[in-house]
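In the two complexes that follow, chain A is the common piece, with chain B as its partner first and chain C second.
== the complex of A and B ==
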């Protein structure tokens, strides 16, 4: 079958590109080896959190940051694309899982151990955790949830001057080990929410807002959250946890549903084993149950991720390579240069390694010339960023995914331009 | 300041020092064992985990071989819970001279080491990943040993007989009165407190650091040549039998399956100082290439962690500059400083290898007993260590079997190493430590393929709630763990293990933002933080 666009990778960048392209009338196929990195990410849209000091306003800081980091993915898309992409993303999420915030000011939310994480755009279910506000917090954990330790979280908030205390609940489950996903599924059921609210209500003090691990419902997150606010009569917020990420699963579902609604298709378990770009498009061979299947498209968006996703590998002979198309990589330390440095908290040189792209997100060689006209690159595949140090990962994914879709024959689809301006 | 009195002060808490503490305690002495860091954090905890059969030494060093043969049998019987009976193979790879096998057999006969040459096909059936090009194979009684289990069993055994075990107590001064050593001044590395020890007898079991201790007593010329060896742990048991190259001992010629991993070792490089052991790219490459000779495809497995240890090679004639240290004797050096230097109440024991720790301890304590004019014979040959009374070896399936029984009743905190919450809490209480690395050594917490990615945030939270640590202490503990881990990880990051490391960065930096915990990076806080007196 012939497609307009094949997107490789079902993470935030890939799904963003796919949904935007599909909404502009393209026939879109997403091929992915497995679930995307959405399942790992907190899915707060962090645009720029540290540079290297904490960034109060991405809008105010991006200019200087990009002057210092001219090879950063944001420097390729341009600053304007970031705002457009965030507006678009908010729009897609608005109905089922609304986000709040923007580039003007980072929202500071507690991490699961009580650090202050700066994010530009956050789910409404997390927003009441704003650390700039004065109301005391009570952090609620669950004995059965080993990935969330409310006492440590609350103590760390206290240390930083935020009044906080911890409460640990013990709700009967059929086992002693429950994951955030298991808890979220349970809380989708009204009777479990009632039980939780009843147990908790008697332990709250006046004026406290209530922080939970980000597991307040999977399919019905917004309902669960607003119902708990009503029942407890006070602000409630979620705190992202280590993987698996419930907020990531929610966003994955919403984007996937939006893609299907716009006529697109997702095939998981279809790792790309060969791709031949040519002047008119790309032929892709992907794994399938019985045998490999060939797909043809006018465009390929490569959004398979970086080292963490296994899409860029450092081989046993220390050669770095992009695994789908063997695209040229930028920022690879030369032979004899350090790949990593001894201090864990320093910037690691290998962390910047990724595909080199131009302003049109086409892969380029060392001389800056395009190596494929019909291939676009988005997300963590692109080099030049240190996402976890900068707290920029989701921002890069949403921005480059959005921007990549915008490169696809905009002439044929006037609606793209309209949306971008919105 | 605290003042402690004892009959025997043992400085150095490696295999030898812990062995001495156990030996002396069994003979009825009151003992204090001190180490500047955790027990077995120096040389003893930084080897490949091999309980030598003696095969490695039969050609080159028959005396060492015979010692190993005897001690291997004894240690198996008294410390079985710390030992996995893997057995060993010596194999002739295409790069080795097949004629060495004949020398090997002759040496084994000489040393009394039971061995049997088996068919290559039989060897390959037993270890299918072995290089199919091997031409000869010999079985021996090698085993793998969990050194932390062993050393803590020795220390705990001594403690039940009244010994005081003081890790993180650095010996900063030895006291001399006239011609005798009478005790030591210790610095508690966790609280900063000074502890004075008055001891009738002091044994220097400082290993590669023995010269520093001896110098504190004003004794010169105790020369210990640090011979650095690196080891790499791979994420699977690539073999289930210890595999040695059947050749004159060289670099990277042993693979030891231990617990959930296999360890390849080692090298031998003259080192300037036992605390300065950098791992270079060339060493890593050479080690991976060596692994490839024994197990084709070795390089493409996941290399999880690299570390360097330092052999205490005693050299009475000062070592010449440069060159290999492998030819220096590996025998034990027992120095009676009364005879040698006219300083009484003080002996030094160094050199040797973990396999012969018990023999070294026996010889050291015998020397002390003789000086003191007592008649108290050694009983360590026949006394089982705590936990080893039933003589059962450890096995890789033990934790899995236990897990099966607790599926519905116990939280699993470390999935890689199958550590349950109650085990972790008990281990934390037993150690009374807030250093996650101590817990790692005791329980193997965070030693699996994810290198603590998932269990360390959990363990930090549990440690905080259990011990009532302040958040600052818990944060420091977690950060120190990450920094220490990174040192053993970054030189070997490639392939899927790099992918894993990036996922861990995602968790610790992206999601938890450990770096920006309140109070900032405060990295000047000592890696081993103080536990507040409660």
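== the complex of A and C ==
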């Protein structure tokens, strides 16, 4: 098949690029080795949380941050692209899973263990957990749910000065071992949430807002959340959990549905084993049953991730290599330079390794010239960022995915609103 | 013979892949079966985790792997390349070897034998299968659920038709047709339509002697017999593959078996016949779309005024070829296609026929059935026969193979 665009990778960056390109009328194929990191990440859109001190306003801090980090992916796309990308993402989510926030002020949310997470754009179902507000919190757990510990969470919040306590409910499920996905599916059923609300209501104190593990419904999250708010008569919020990430699955579904509605196609389990760019496009060879299959497109968006995703490999001689196209990498420590520093939680020099790109997200060589005109790079494949430290992962993915698609369709798609997040 | 095959060179690779499992649980979020029943704890649990205990004589820590349908979705979604479904189906075989296989599974694993038995006495056989008290009895004795969809014997075979059929003289290209058991005994007209389409596109269609691919035996954990079936089929088809001819199949599960599963699950990767046949086999929609890509597919399609809900079954998705049926449908004027987006209809080949698994099968399929109802189509199109029979019974909507719609559009 001949496609307008092949996107390699089905994570947040890849799906963002794919949906935007498909909505602008392009014929899009997503090829991925497997499901993307959407399944693991909380999918709050963290743009800039630490620089290195906690960031109150990404809008106010980005200028200084990018002056200090001129090779950051945001420096490539430009600040304006961040706001546009967030507005676009909000629009895509608005109908079934609305987001709130923007670049002006980070929202501070509790993490799965009660640490503070600054994020620019968050699902409405999480927003009432803003730690800047005064109302005390009650964190609700379920005895049957693994990997969510309300007492630990409440203790850590207390320690940081946030009034919080824990409540654990005991609700019978037909499963011995309930994951957040199992709980979310159960709560999509009205009778289960009635039961939950009834059990919980009697244990709440006046003035408390209620924090749940982020499992309030998989398909009908917004309905489940607003129904619980109504029944409990107080603000309700979700707290992201360890994987599997229900909020991530919701976003994955919405983006995938949007892609399908726009005529796009996804093939999972089809790792790319080679790609040959030329002046007119790219020929991609991917794994399939019995034999590799060649797919041809005018453009390839590479959104396969970095070290963590196995898309950049480090060999025994400390040579880092991008696995699909062997693209030039930036920020690789030179011979004799420190590759790692002793403090595990410090910024590791190796962490910034990634594909070097220009403002048009084309891969570039050491001299800054483009190595492939028809290849675009998005997400964690791009070097120059330390997402976990900066709290910038989803922001980079959404911004570069959006910006990459914009290079293909220079005239912005009609669905792009002017509702800038700024 | 044992569940572990002496020439199985892939065993190490497949088993070794479990070390890549980072316990991310992506497979469990996608597994349609573990999400429908607590009897199946999920692909990660029975796969990469339990496999570590299956050393030497240890069979498996528990028997829950029997509730895996072998749909293969876990392997497809795994971002680490762990061969989860392959590990689990192999574990099923070790379990079957250790604990024995019930008569029911022995029967369901051999559609060729059932077909050969039922065809000469089709009216009686069909009456029996439609008879409520007898189905209740079959449930009691055999454990085949009385409400599960079973096909109707055609009373003749596709092979018989093919022997009498004469190819049009103007054919310039040659293709081999792998029709599968479903076409041979239950839906010979699907085979006739496929041949007509291929001939319309200038092919001489060869229908060699062939048998069952061994997939039902494999899914039921009966590997030694499954291997014998697989090798026998490959032996029939290999001479044609060696001549460089394409082998085109109309049953997507069977073409996937021939392409990949016989090699990776049954461990026949080193069998020269299996290998050469695998490399030359195509699913019919894949083959037709390839023709179209080369500008060689006739597109003299008449309008077909239907609303088609297309379900790509899990085994079709296992080919990693996307959804060529959708691209072919797009060539047909008047046809309105609605793409379903559900992993699995729940039948899992013979899984949903089993008494103890019937409800799970319905729960797995509920999502797809709801999508079908919402789309309100005149036809459901699906590439796999057991899925079509199941979906048709549970939704009441006529189910067709995609090529049947193309056949109508060609006006053949």
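Note that in this section the second predicted complex is superposed on the first by the 405 of 422 C-alpha atoms of A that agree within 3 Å, B and C clash if a C-alpha of one lies under 4 Å from a C-alpha of the other, contacts with A are read in each partner's own complex, and residues count from 1 in each chain.
The rule is short, and it goes like this: a contact is a pair of C-beta atoms (placed from the backbone, for glycine too) under 8 Å apart; a residue touches a chain by one contact, two chains touch by 3 or more.
Quick caveat, the model's predicted, so the values are computed rather than measured.
Asker: Just from the overlay, do chain B and chain C fit on chain A, or is there a clash?
Answerer: These partners fit in the superposed model.
Asker: Under the superposition described above, what is the C-alpha centre angle at chain A formed with chain B and chain C, rounded in steps of 10 degrees?
Answerer: Apex at chain A; the opening toward chain B and chain C is 90 degrees.
Asker: Does chain B (first) or chain C (second) touch A:243, or do both, or does neither?
Answerer: Once the two structures are laid over each other on A, A:243 reaches both partners.
Asker: Please work out whether A:393 is in contact with chain B alone, chain C alone, both, or neither, and reply first, second, both or neither.
Answerer: A:393 contacts chain B only, not chain C.
Asker: Which of the two partners, first being chain B and second being chain C, lies in contact with A:40: first, second, both, or neither?
Answerer: A:40 sits against chain B and chain C alike.
Asker: When the two structures are overlaid on chain A, which partner does A:289 contact: first (chain B), second (chain C), both, or neither?
Answerer: A:289 sits against chain C, while chain B stays out of touch.
Asker: Looking at the overlay, what does A:1 touch: chain B (first), chain C (second), both, or neither?
Answerer: In the superposed model, A:1 contacts chain C only, not chain B.
Asker: Could you say whether A:344 touches chain B, chain C, both of them, or neither, answering first, second, both or neither?
Answerer: first
Asker: Looking only at contacts as defined up top, I'd like to know whether chain B or chain C touches more of chain A.
Answerer: Between chain B and chain C, B touches the greater number of residues in chain A.
Asker: Using only C-alpha atoms, work out how near chain B sits to chain C after the chain A superposition, in angstrom.
Answerer: 5
Asker: Do chain B and chain C land on any of the same chain A residues, and which?
Answerer: 40, 174-177, 243, 309-310
Asker: Once bound in the complex, which stretches of chain B touch chain A?
Answerer: 288, 299-300, 407-413, 421, 454, 457-458, 460-462, 464-465, 470-472, 474-475, 478-479, 482-483, 485-487, 490-491, 493-496, 498-499, 502-503, 505-507, 509-519, 521, 523
Asker: Under the stated contact criterion, what part of chain C meets chain A in this complex?
Answerer: Counting only chain C, the residues touching chain A are 24-26, 28-30, 35, 38, 41, 75-81, 256, 259-260, 278-279, 281, 289, 293, 317-323, 326-327, 339, 341.
Asker: Quick one: in the complex, what on chain A touches chain B?
Answerer: Residues 40-42, 50, 54, 111-117, 144, 146-149, 151-152, 155-160, 174-177, 240-243, 245, 306-310, 313-316, 318, 339-345, 348, 350-351, 387-389, 391, 393 of chain A touch chain B in their complex.
Asker: What residues of chain A sit close enough to touch chain C in their complex?
Answerer: So the residues of chain A in touch with chain C come to 1-2, 29, 32-37, 39-40, 174-177, 179, 181-182, 185, 243-244, 249, 256-257, 260, 265, 267-271, 286-291, 293, 309-310.
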